[in-house]
């Protein structure tokens, strides 16, 4: 379906494969949260704690599970997963500025570049030799692509992105502003106190349908490549070290750092601010909660944590003091046990 | 007062509304710390632990509280808050390269842009359609502004900054190099293992007198806008998720990550490396100390912490071992209590 | 030795000052890990846990310690430190695209710049007034150098890097994409709830042989300079506050944040995600392990830690609950001790 300014509800029902209850001719021009929606907007219920708003919302239509439909007086689209339906719906309402086809006159290309005629490259981009840009690719202003970079079909780069030489990007990949892919991994050997650089001879390979957040960095491999599999979603300000391999559909939230040579499985979720120690392996289906540090390999799927929720400072200060006494506590407890038992 | 290479002390006294003791004709050409200052420099005492330097400093003048003035033999400016006075004084000594008025010939503008004739836009910036640049704005080289961006009076952007479409910046805002505002929030729904993108339909709204540090990222909202209120100060490398709202005059130090849909009050201070969990609310006047993780809403002003200060590794290793035994300790302690009481 | 596509083993033996066992005419065209190497590749053994691969590897040559040489049937280069030898060897195999000498026609220079004729500056860079670029320097596309910046001999800047005015870079420095040096330190004084900016009057001074990772930020000093000594190695996404001084050959891993006015000694190693509190001093030879927070000055060399390794969520949740009871435990333990002793 082509993006429009507004849709009739029956169009949305077809798009979402939803059951429609109410007026299919109702005009919908945008999406809004339940408590903020006004006439002409559609909303959805995902989190049960907002159920109360079902009665008071002014939305012209609601996306609901079947069980939430009774007692609602407005128009309804019934689906199995309202949040997923909302996700799909956003694609109809996103403002896509008309895609200028072609390469801006200021773009500088090296030798032997191959740029599909349907690709768009904005002003002041610089491409090295042998760069390959596939059909439907869109590259924002100020991006710098090193020699031998390749970008797959329909991928989009926003602005001021840096891809070092030999980086390979798959299809339908979305990279946000300021991201840097293919910088040298942090490798060096120590020679009597001085660091000798280990030149990084690998590259970065990114699969299809990957999203890479703003100012995220992914280093090139030392000998082999750093590999981001298809379907991986990376938030902003993430650091991925050299030789890391991330499995399909794994999602990683902002400010997470992954040290070198880590292997992460498929369908994992790393929350924000997580740190992963180098040279370890995390199996498929692992969830790591926010600000946790993973030191050793994780071989069983499940949820892992080491983050500590903040307390009032004075409470926390007292706990810290007690922490330092733990060893002493342990010894006193053992001694006491002996005394009590011996009596 | 216009910036000059040097000032006589009486000028500075007037500028700071300070009481002058000593030679008002004394020439001051720069500011320096107490222990480093030489003749021709002015210094100040903020931290009492540097009080000893009051006797030995070679500064030509000192900014002091009244109580610190006796026993000092050099020229003095007496104020209520020397640190604040120092802050104000820096504005007189900062080197401001002459502001070239006008738009560099290499700047590329979209259609219907409105650029005030007093604004300055440096080389190789690219502006989308309908961009609005107010009077006195200064934009450094290599910035990319998407369609419909607006920048308020006297705001300054350094270099290589990326503002996505529809981002609105207030007056007297200072944005440092590499910052990215308006990239997509990290939103997606899971459809049988695969991630479906939630297109981010909101934008980013920044108030007046905000400072945004180098390489900091602020994501656009999912349905509504991400809002940074007036007077907010953000350090470098901060990540602010979609839909976040930060209240007036809140200051946030470097490397802090704020997950989506967080509401932070006015006059809060988040120290460095803090993580804030998504969908929570932090009331006005909250201070969070460094490297703390805030998991739940904070409804009372005060200081909150969960950071742990580093110990010698072997000490810390022993504490960690004891931590894992805590549950066991608790049970043994209870058992022991029963035995002792029953005797 | 000039970089070639392949070398005979005896050339590599001379380059590494290694003892050669086997066929010196053997052709080597690249380096690979032990378990992945094929014919025509050289490998090395650093980590004893990969010793088993010595028998099965298909590498045409191996770099080994003397003690590992017996029982190996392929060609061998014997050295004291195989990892260091590997590091040196990478310099022979790194792909260096031919260095275009000269300044691209699109580079914009301010007044009185001094650019050595052997320096290379790529497309769309912008240099302020009085910039000084020494011999052999290479600057990638889209870099912005403020007024009075100086870059020492043979330093390399990748793309989209921002150096504010007055930043000084030494010789043989390597700066990766997206780094920002010289942005304002995070300094302000509070004036009845509003923040007054402390203009940052210092700059950033970087010594020789420093490496600075992608999207790393180093702030300019408030009154004095921020100083990065020679031989310092900084990974990606690091934040270094104003007035910080880092000693020679210290190495800092990704996502670490160093608050203002910190002094770090020589030959320190800070692992990833470390946070260093402001205004403290860390002596030479200190190692801080991953995700630790350093609150106070460290005056003795050694290893320091406060990171917590992630546990299964349910285990960790129970420990957190017990942590909050620690104060209570301590009191109950003391009480019990008194009772038992009094009996």
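Note that the chains take the letters A, B and C in the order they are written out, and that residue 1 is the start of every chain.
Following the convention adopted for this analysis, contacts are C-beta pairs under 8 Å (C-beta built on N, C-alpha and C of every residue); 3 or more make two chains touch, one makes a residue touch a chain.
None of these values were measured; they are calculated from a predicted model.
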Q: Could you work out the angle of the rotation that brings the CA atoms of chain B onto the matching CA atoms of chain C, rounded to the nearest 5 degrees?
A: 120
Q | Homomeric contact chain A-chain B: same or different residue positions, threshold half | A | different
Q: Can you check how far apart chain A and chain B are, centre to centre, with Cα atoms defining each centre and the answer in Å?
A: 25
**Q.** Junction residues of chain C, two or more chains touched
**A.** 124, 142, 160, 178, 215, 237, 255, 308-309, 311, 323, 326, 329, 333, 336, 340, 343
Q | List of chain B residues in touch with chain C within their complex | A | 30-33, 36, 81, 83-84, 86-88, 90-91, 93-95, 97, 104, 106, 122-124, 140-142, 158-160, 174, 176-178, 211, 213-215, 231, 233, 235-237, 249, 251, 253-255, 267, 272-273, 290-291, 307-314, 316-317, 320, 323-324, 326-327, 329-330, 333, 336-337, 340, 343
Q | In the complex, chain A residues that touch chain C | A | 108, 124, 126, 128-129, 142, 144, 147, 160-162, 164-166, 178, 180, 183-184, 186-191, 193-201, 215, 217, 219, 222-224, 237, 239, 241, 255, 257, 259, 275, 277, 288-289, 292-296, 298, 302-306, 308-309, 311, 315, 318-319, 322-323, 325-326, 329, 332-333, 336, 339-340, 343
